[in-house]
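Shared chain: subunit A. Partners: subunit B in the first complex, subunit C in the second.
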Partner chain A sequence: MSVFLAILQVVIVTLVAPLISGATRLIRAKMHSRKGSDVFQDYRDIAKLMTRQEVRSNTSSFVARVMPVLYFAVMVVLACGIPMITIASPVPLLGDIITVIYLLALSRFFFSLAAVDTSSAYAGRGGLRELIVGVLVEPTMLLALFAAALVAGSTNMGAMGLAVATGAVSAPVATFLAAVAFALACYVELGKVPFDMAEAEQELQEGPLAEYSGPSLALLKLSMSMKQVIVVSWFLAIFFPFGAAATLNFGTFLLGIVAWCLKVAVAFAVCAVVENSVMRTRYKLLGTQTWAIFGVSVLSFAFLIVGV
Partner chain B sequence: MIISLFAASVVLSLLAGTLSIMLRARDAVAKGVGCWMGAAAAALSLVAGFAAMVGEGARASMPFLFPFAAFTVQLNPLEGVLVCVISVLALVAFVYGLSYFDEYPGKVGRACMFMNYFVASMLLVITADNAFWFLVFFELMSLTSYFLVTLEENPSSIKGGLTYLVMAHIGFVMIMMSFLVMSVKAGSFEFSAFRTLDLSPALASVCFVLAFFGFGAKAGIIPLHSWLPQAHPEAPSNVSALMSGGMIKIGVFGIVKVGVDLLGASGAQLWWGLLVLVVGAVSSVLGVVFALAEHDVKRLLAYHSVENIGIILLGVGVCLIGSAMGNLVLAGLGLVAALYHTVNHAMFKGELFLGAGALLYSVKTRNMELMGGLVRRMPWTAGCFLIGALAISAIPPLNGFASEWLTYQSLFEAAFLGGRVPMVFAVLAAVALAITGSLAVTCFVKAYGVSFSGAPRSQAAAEAREVPLPMVVSQVLLAAICVALGLGAPLFVPVMAHVASFTMGAPAIVAADGAAIQNAISGTAVSTPLIAVLLAVGALVAVVAVRCFAKGLAPKTEDPWACGYGSETSMEPVATSFASDVSMFLSPLYRLREVCTAACWGVAHFFQKATGLARWMEPQLDRYLVDDVAHGVDVLGGLAQRIMSGRMGAYVAYIVVAFVVFLVLAVIL
Partner chain C sequence: MGYTLVNILGALLIVTSTLVLLSKTTRRAVLCYAVQSAVLVALLFTLGVTTGARELIIWAVTATVTKVIFVPLVVWNVYKKMGCPDESNLASRLKPAWSIILVAAEVLVCFVAVGGIQLPTAAAVRPALAISLAHFFVGLTCIISSRNIMKQMFGYCLMENGSHVTLALLAPQAPELIEVGITTDAIFAVLVMSFVVLRIWRGMHTLDARDLTNLKG
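The block that comes next holds the complex of A and B.
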């Protein structure tokens, strides 16, 4: 059963991801007072890229060729492990928060290394910035998650989600602040304004893609949309598991799917509104923002020590 | 059986060393004898170590040379782990040396001798179960490695060697004091007598802190790390692998041995664990921060050793916290994490140093800025280096991830079970580990990317050739071990759990469940083989999908895009690009280094002042006692100078005159 659930999650995430990035684009266009393309544009983009010829940098090596495939594979593993429809992880052996953080590090390692591998100045810059963002965000993520895990007594996402869902948290204020800090850290990880500008290529998130084209680029675009869905689901699984199935039967299963779709849709709508209402921060000032987020997670930990 | 195998290995090492120095006149012969016999000895000790690691321990004792200290050897599981680590590294280092020592014409005999003696003394330090012999072999280990560091005899290696020697002896003195306190109390130099000691908490703390900083100096913990980035890069690369992968682990081993084993009966104090956690956290973060600023690939790796020692100490800290709390399962979890990271770090750091040696061999520089594009010239080295880089960055499913996951779990349980004070320390240590992890990713994207990716940035890099077969084989071997220890973690972690429970006399720790490693307390688990399988499946799906949808047009290659300008190699991201960005965000930490270095200089300066004072004190007596006499001699000398003209004829004349005078005197008297 859990194997079926894991496969289903992978399929859903793969199929839904372009829809969500398409919807985000549409919201952005509307908020910019543009007409914009419809929500299915990203499917068409991916299909078109698949049929195009691939152009590679002449100094690139196997790392750049392997990266899109590996990036997709990491997203598949993450989609198996992160609870979406149920509270418990479909594959508990992949459901530990430390495992998720380090699987994301695997994708980041190759993403950035491939950028350096192409020896393009722009891609390299983007790859480097991706790494720096990781350095600035990862400690916050870990501290917030550790605070929540200490409340729940386990670092397994299923156990943490269950504690929140049943209200069995000994320190509600600390959990709430951990949720805020983790949400902010996830937002940075999503690579949206004010931390990144997705339309401006050669920037943080899309910069490393400068040397990609054809099927590789299609695969990467798909995988990066998947990553957005996965990161949001990660947050929801731990801090907002409401609606997810505690015990699995047909009714709770359907409810779980509907609840997950709704939660993800709302989360991305909120993200889109925030993204289009703020200005982009200067890269050099990124540190001050991430310090503020880190401060929130420290505050959460302080409340945890006090026990409220 | 285990002991005799071990003894055979040590004897063979000594024989190999002695023969290779005797055959030093012919480099090729000395190299063959030294390396092959050394490798054979390492294979023997590997078998002995492995048997000890999974077994129930063995010991032997005999009176030897000194009546007050019997020569006692113990090979319990804990010693077995270290013997295995050193043996594997020694084995590949000797195989590697078969080609690498060609870089040291005229010095091969010496290098082989010191390397064999170095390996033997490391093995003996680990197994010695007598404080006196432990110290003797510890000193031998420092001396033999000193001669390996200074093998090149250039100013930087002599300077690095001297720093190393001074630091090694500062550590040695502290360890000696700790052992002397225990031996006075126990009335014997035997460790078995130490183990039954019931010291007062204050005295036990003195012993532990002295031993912690003493062994810490050997391990390279942060305030005492300055020798590592100076000494390791100067040694031949296979010796660097042996030092960085093996020797500094003896520091960790010593800390565990004193804290858990020797002082076991006195009981650990909670603040020992907290101290170890703080030192570990600081070492891990600062180690990687300093590594990021390096352009010299071997210095970069040396700083990463500081980082990884810090990570190992986090596990040791949890172990001490657990034993202080009387929670042996928690202590066991910490010790398992520390031991597994010790093994893993030895393997991937050994691999990376061998890779750095291959770069040095082919490109003749350690400066990464002058490399680039080497993946096409040296594919084997590049592949192995990439595996090592992934492993050290704790990327799943490799071995570094398995042990760091265990470290996180042990920190989590220490925080969960330990009450408020351990919670604050353990959580901050976990945050430090997270910072370390993300910085390590950055650092190794830099190290691999700048050296192997992109276009060559120097003539030497453009013409580099893959290294000879023995060097390739040894790199591949260590890279394969890294993969095996990662994917096979569910098999190897229970062995570490056996070692931990044996060492602490604790009940068995359930560290694995089927194909997963698990946190014995909360039950949360991770399966590295499953991650590997799913990654492979995901990759396969992606490849098949691309094959199905793509039209199969042949890819074409172009210059990298440069906004319409011609692309040049000078546009590539280089080591400085990484360093400047990181230093922009982490500038306070780099300022801290300046403060630390200044403090180090302060210590050195203190010693200078002390010697200065001694130098000033010394002549005070002389002024009154000796100076008048000396002055008188001076005056006489001045007079004598008048008749010392320096001409041969004059001296002959003096001799003749003196002869005549004596003759006359003899006749008269």
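The block that comes next holds the complex of A and C.
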């Protein structure tokens, strides 16, 4: 049953991801007073790219070839392990927060490595920036999640979600602050303005994408949309598991799917509004903001020690 | 249950005071301070109901009038009288991240410091006592780190809120007179400081504490 659930999650995430990125593009267009294309534009983009020819830099090695597939594979593995419909993880082995953080780091590492591999200065610079974001945001994620794990007594997302859902947390304020810090860190990870522009492959940040074409680019675009859904689901699984099924039967299963869809839709709508109401930050100042988020997780840890 | 709620509200006091510390404009500081005072009132009320101390409930009512309504109103009026001056160049001396980490450190140090104190209310509110003590230092941090004299005023108010909670926890049965002494003291302090700020603005046209080093008697 849990294997079926894991496969179902992968299918849902893969199918829904372009729809969500299409919807955020539509919201952006509306907020910019443009007409914009409909929500299915990303499906058409991916389908179009799949039929195009693949062109590669002749200086690139196997890393550049492997990266799109590896990136997609990591997202598939993540989609298996993160609880979405149920509170417990479908594959408990992959439901550990440390595993998730390392899998995200793996995809980021290869993304940056492929950028350097193409020998294009432009792409390489973009890859390095991607790494900087990772270095700045990962400590916050780890600290906030450790605070939540200490409160719940487990690093398994299922157990952490269950503790929050049943209210069995010993330090509610510490958990709340950890949730705030983690939500902000996830927002940075989503690659949205003011920190980044996930869909702007012409921009320096997503420079590596400029070196890809055809099916590879399609796979990368799909994977990046999947990553956004996965990161949001990750946050929801730990800090907002309400509505997810505790025990699995047909009724709770349906309720779980509906609740997950609603939560993800609301989360992305909020992100889209935030994204279009702020200016893009200068790269030099990125650290100031991420360190402030780190401060929030430190405060959460302090409250955890005090016991409130 | 009541004591758990007191501890949670105490922690929210620190969260709101951190927001005051981080606020870049007087407008936001006034709002955050009003929210913080509302949390303080809730804390006093909860503590009063839990311990059965009638005095604390009266304190909650007086604090609503003085701290949630009066003090923010006075400061906001002064700010408006000055014509809502631009504060964009009056950033704090500390970066936001360091401010928050400093607050966390203060909470931890105070938690260690109150470890040996025997409370007359209950051992269950020891976290709240640590937090109230830390709150005093958060206020001090606000005064030291701000260049904006309006925010330095709020630093004083934060210190005062901290001592208010400490008193409520250590002496819940203290007569009303003591509490009146504390809150009216704060009101007069805020009134006098607002007046001084207004005079400084009219004379020097600045809110920057660094520009005030040449003041002479």
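The criterion applied here is as follows: the second predicted complex is superposed on the first by the 300 of 308 C-alpha atoms of A that agree within 3 Å, B and C clash if a C-alpha of one lies under 4 Å from a C-alpha of the other, contacts with A are read in each partner's own complex, and residues count from 1 in each chain.
Just so we're on the same page, a residue touches a chain if its C-beta (ideal position, glycine included) is under 8 Å from a C-beta of that chain, and two chains touch if they have at least 3 such contacts.
All values reported here derive from a predicted model rather than from experimental measurement.
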item	value
A:Met75 touches, of subunit B and subunit C: first, second, both or neither?	first
First, second, both or neither for A:Leu113, with subunit B first and subunit C second	first
Touched partner set for A:Thr288, first subunit B, second subunit C, both or neither	second
If touched residues of subunit A are counted for subunit B and for subunit C, the larger one	B
Subunit B versus subunit C as contact partner of A:Leu219, first or second or both or neither	first
Partner chain in contact with A:Ile305 - subunit B first, subunit C second, else both or neither	both
Partner chain in contact with A:Gly36 - subunit B first, subunit C second, else both or neither	neither
Which superposed partner A:Asn156 touches (first subunit B, second subunit C, both, neither)	first
On subunit A, positions contacted by subunit B and by subunit C	301, 305
Complex interface listing, subunit A residues touching subunit B	47, 50-63, 68-70, 72-77, 80, 91-96, 98-99, 101-103, 105-106, 108-109, 112-113, 116-125, 127-129, 131-132, 134-136, 138-139, 141-143, 146-147, 149-150, 153-156, 159, 210-211, 214-216, 218-219, 284, 286-287, 301, 305
In the complex with subunit A, residue positions of subunit B that touch it	372-373, 375-376, 382, 386, 390, 393-396, 401, 404-405, 408-409, 412, 415-416, 420, 423-424, 427, 430-431, 433-435, 437-439, 441-442, 444-446, 448-450, 452-455, 515-516, 519, 522-527, 530-531, 534-539, 541-543, 545-546, 549-551, 553-563, 567, 569, 571-573, 577-578, 581-582, 584-585
Complex interface listing, subunit C residues touching subunit A	7-8, 10-12, 14-15, 18, 95-101, 103-105, 107-108, 111, 127-128, 130-131
Residue ranges of subunit A touching subunit C (in the complex, touch as defined)	172-174, 177, 288, 291-292, 294-296, 298-299, 301-303, 305-308
